[in-house]
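Okay, structure first, notes after.
Chain naming follows the written order as A, B, C and D, and within any one chain the residues start at number 1.
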Amino acid sequence: MIKDIEKIYIPTAVVGPIKIIGNYDEQVSVPLSTYEKPLWASVSRGAKLSMESGGISVTCIDDRMTRSVVLEGKDAGHLLKIKTQLLGQQNKLQEIVVNTSNHAKLINMHFQILGNLVYIRFEYTTGEASGHNMTTKASEALLNYILSTYKDLKYVSISGNICTDKKVSAINGILGRGKNIIAEINITKDVCKKILKTTPEKIHNLNIKKNLIGSILAGSIRSANAHYANVLLAMYLPLGQDAANIVEGSQGITYTSINKDGSLYFSVNCPNIIVGVVGNGKDYNFVTKYLNMLNCKNYSNSNTTNYSQKIASIITATILCSEISLMASQTNRGELMRAHELIERKGKNK
Amino acid sequence: MIKDIEKIYIPTAVVGPIKIIGNYDEQVSVPLSTYEKPLWASVSRGAKLSMESGGISVTCIDDRMTRSVVLEGKDAGHLLKIKTQLLGQQNKLQEIVVNTSNHAKLINMHFQILGNLVYIRFEYTTGEASGHNMTTKASEALLNYILSTYKDLKYVSISGNICTDKKVSAINGILGRGKNIIAEINITKDVCKKILKTTPEKIHNLNIKKNLIGSILAGSIRSANAHYANVLLAMYLPLGQDAANIVEGSQGITYTSINKDGSLYFSVNCPNIIVGVVGNGKDYNFVTKYLNMLNCKNYSNSNTTNYSQKIASIITATILCSEISLMASQTNRGELMRAHELIERKGKNK
Amino acid sequence: MIKDIEKIYIPTAVVGPIKIIGNYDEQVSVPLSTYEKPLWASVSRGAKLSMESGGISVTCIDDRMTRSVVLEGKDAGHLLKIKTQLLGQQNKLQEIVVNTSNHAKLINMHFQILGNLVYIRFEYTTGEASGHNMTTKASEALLNYILSTYKDLKYVSISGNICTDKKVSAINGILGRGKNIIAEINITKDVCKKILKTTPEKIHNLNIKKNLIGSILAGSIRSANAHYANVLLAMYLPLGQDAANIVEGSQGITYTSINKDGSLYFSVNCPNIIVGVVGNGKDYNFVTKYLNMLNCKNYSNSNTTNYSQKIASIITATILCSEISLMASQTNRGELMRAHELIERKGKNK
Amino acid sequence: MIKDIEKIYIPTAVVGPIKIIGNYDEQVSVPLSTYEKPLWASVSRGAKLSMESGGISVTCIDDRMTRSVVLEGKDAGHLLKIKTQLLGQQNKLQEIVVNTSNHAKLINMHFQILGNLVYIRFEYTTGEASGHNMTTKASEALLNYILSTYKDLKYVSISGNICTDKKVSAINGILGRGKNIIAEINITKDVCKKILKTTPEKIHNLNIKKNLIGSILAGSIRSANAHYANVLLAMYLPLGQDAANIVEGSQGITYTSINKDGSLYFSVNCPNIIVGVVGNGKDYNFVTKYLNMLNCKNYSNSNTTNYSQKIASIITATILCSEISLMASQTNRGELMRAHELIERKGKNK
């Protein structure tokens, strides 16, 4: 019942350069695939800002990939004993994991016991892959070991939804899943006025009233930003990533403050960027081209750079560009709608 | 700084037919764009199930689009008075809205007063458009009216994040945003065994332990499913939709029960499907082709069918297909990994 | 199996006066029952602040009490039809409600359809009672009517947990439950220094970093404050309220800003204060005494004052007193621990 | 401004015996302080159930107390380096902690870096105390060490709200705070019919539709139960606990399933029971009496029993009693209201 394998075409612009500092030091232009073309202008303005403000500093705080399994035992006491024993067998468990892949390594286990159910969230490093399949394979091997060791446990599921993949959660932000990246910039009053047509105070106040409080009022969970999802989608697609992961990626926090000299500190905090430079979707010509463009492809020659972390960092810097641009426009009454109409009118002429 | 506008190509399969009943009665094949090809097999199995089980019943529960603004007043008492007055001027406000568009209609206003801030969430119907821009335009007109009427109010933002667009929230599920669609199916034990290789009880139990409880343990918010985001992405792209809206779309709930005769009742509940058949992204040839394929294009000839609601319904039925297929495979130990490896090995040979 | 009905004794201090303006204009002292005596000092400092700053302005934004029922139908389409019909019978439903009580009035119905289940959240005004039992009784009558009218509906539960009583939720903040009260104060730099030993900027910054962002990082939901629960408990007990309602009461938001003249705007926003002046627990001598002390008892003589709203307002003003005092102390390194140790050492000497 | 220190009196019944097995093996009667007397009957029915069903098994899964501090650095990279260094100095940090108390021990540190802010959640064991003050004192000492070691860090707050105390969160359930206790019982069809007037299937189905799904629909977070808060309040008060901690205590999950023999498995899962047997509030005569009644007082003679964990376990078993009783009554249309009216009419006669 699968027919007609064909292709669809998403419009893609290369925007930049964005000046990146911190963990890296380079200027990169980025591909953005979207039907919503105002996004290109938005990133472009942020890119210009990065050039005039000394760059966007990126820091990789954490990197892990997870899969959770569920098992059923006799009762909570039974499961607590098994938990204790498994925590004492980490060498054995590591051995099982490394037999399933050259790249997977078990770095942590998080247990939640609920009645006679136990949820185990296995946390791995997965090299240059995003790690969806690698962690499933490793977790299946661990599951097989556990079930063969503890005969009175019963299989429930290879995925217990506390992983959690492509779904909203608090656990991914708290315990980590994917790359946890922070991007930061400092912007003087003058640059703020020249490029963003606004002031540091206006952006800082808008961040409090819209991103922090507005999100709290909306009943959001561990998320406070204007539109991270737009850039995530626009970059995951041309870079061959599984773009359904923008769901957890969207749960990030924009944090701002006013520096002593009156300049603006603006940061984008993305705890769940799930990307890789090998695996499904990475062999298309356009993906290779864009990974090369970002200096993220010939990873085999490198001992020091993790290219998956690098593209996650570039994506987060790009989010910062579009986030600050949109927020700046919303500080000025009427600007957002005017900008959209202008861009779309232009688009129609093409 | 925007360069090289080009295109990327996402692999797309047409999968089906899916038998749809309830609000519609037809068999449709659906386009699925993704780098993750196991999704095609997953939907295909669900499609087969729909054909052998009398169809997937779809119901549109609600349809609205929202935009929220923020204003600052003197104090809470001041804002409460203005709220009361605005609620008494609905005709005037409606007049302002209909002047901005032939399709927008104001259907509700939701106020949240916090200290000296007021957040107003305007709710509209937007005809056959998803309504992102239409609601911004209408809300800007309302904002201008409010600011000119109440001189002691100050503009804060055209978007106050309780709309809320492309971000996680509880408010969108509770108050509605986009199409609220339910898809349901009943599956006999025999069909369950034949097509899904499992039993109604196993699927029902997995839904409780994984989707309901696992999601609660993960700290999810108003969301309990296995992988709605995958189908949302795969269908929003070929249908020209703004796929960043999969974020709120992902927050849906899979609900199952066992019927008296032992058959399985399986439902997919998607309160926030944000799609349209006109607007940005709808003029590409492939989009036109697929909208036609779904009988959702020549909307001008119709007085009765809302085609936006129809594609939302088809998408939800397709989510049901992939959701039940994945869950069935997870009830059988080892099946998920085997299936993925099989499909990916095949893919490599091509 | 119920034995030995006896009494326990909770230490109670009367603290104040607190100057209240806005909906009321008076100075009140409040009873605070707690084992944690530093709370008394904390409220006392805030009370002093209210006297030197022109008072705490209180505003009642909303007042309603809710109960939700769950029913099972044939399918979602069936339930949607019933929803539409019920929305058209509001006079009939009101008649049923008023027959169950002299004080209950149905003011709204909120429906959530999930598969073949329908959750109906009935919203009432309940006069001077908190309304727990009144709304259960009215909802049972509505349920009986619905079940007798729609024979193919099945009873599931008189409470469907979207009410929601004594449990964490986003729905209570968004749709309202109990009294929604805002308390506000403006504090000059001088008064801030004199009484709170800190500055407006320090408190505002702490609110951003601790209450707003810290709560977001903790995975909180529609809640951002330092310790509302302490005052809620300490006042619900001596006023004869059901103190388990501090759970939803705790979900409030502290919002601050800096005024143009450099003074501090500080507000406490409590959407779910659930209290009454009649009903269970109100006939104890000490409760009568304290209700009188707050001028909230002889409600029968009044046509204009709602005393339930008044005690909710006084409670919210008291929360403001303790919230700002704790936050001020946390802006100064070392102060919190010193204060606690001092108070507890004193306590031991008694 | 603190006047008239007096006492209020909360009605208290001793209800039981409840049969407890698992970590303990005894029959205990429990004190319940409340204005809402139907709670006594509800616990009493559950107690009877425990006697006729072989007892309620209790398991202590975890025990820790937390306090979080916030600091400001130069940027995220700076904070990441400090995090790494602190993780390497656990012996030094432990030494600082044990100097502040005979009972506190540092068992874990959880870091969240957000822009140039770092939140550190210190996790301790605190012996027989609930640990509120002990952890503040230890955390202040750690904070002083960190600030004196890293001169370019700035103090923000001794509490950063990711602790988190008396507030709703996902973090407390995921990382632990207080005692994590599970209570379980198996109930035959016959006992279910005899004592609860219902069937295992009816209770299991109600748990799915009300506690699991109803709570999800309400936008709850890591919480799915009917009324844990009622018992928490009623037991925290007579046992001298800080009852504002019922806020996080209320976030627990009721999990049920049907055993192969048709009997009911019913469990109550409370990750955040915050109690102690020493400290504030424990020296009142009635507290001593009740702690003795629960065999939880002469802790000095014991090397093996942790009495704080024991009272947390008894509280959780009592929650199970009232939870199952209320749920049973809600499975039968009309029963809840009848029961309340009956009990309250009786109460009035007294």
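In the analysis below, contacts are C-beta pairs under 8 Å (C-beta built on N, C-alpha and C of every residue); 3 or more make two chains touch, one makes a residue touch a chain.
Nothing here was measured: the structure is a model prediction, and the numbers come from that model.
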Reference chain B; chain at largest CA-centroid distance: D
Type of chain A:chain C copy interface by residue overlap (half), same or different: same
Distance from chain C to chain A - Cα centre to Cα centre, in angstrom: 38
Separation of mean Cα positions, chain B and chain A [Å, integer]: 22
Residue list for chain B, restricted to those that touch at least two other chains: 112, 114, 117, 170-171, 174, 205, 213, 215, 217, 219, 221-223, 253, 255, 257
Contact footprint of chain A on chain B as seen in their complex: 1-17, 29, 31, 33, 35-36, 40-41, 44, 47-48, 68, 70, 72, 112, 114, 117, 119, 133, 136-137, 140, 143, 147, 155-172, 174, 205-206, 209-211, 213-215, 217-223, 225-227, 229-230, 232-233, 237-238, 240-244, 246-247, 250-251, 280-281, 284, 286, 330-331, 333-334, 336-337, 340, 344
Chain B to chain D touching residues, read off their complex: 170, 173-174, 205, 208, 212-213, 215-217, 219, 221-224, 253, 255, 257
Contacting residues of chain A [partner chain D, same complex]: 22-23, 57, 59, 61, 75-77, 80, 112-117, 170-171, 174-175, 182, 184, 219, 221-222, 253, 255, 257, 265, 267, 269
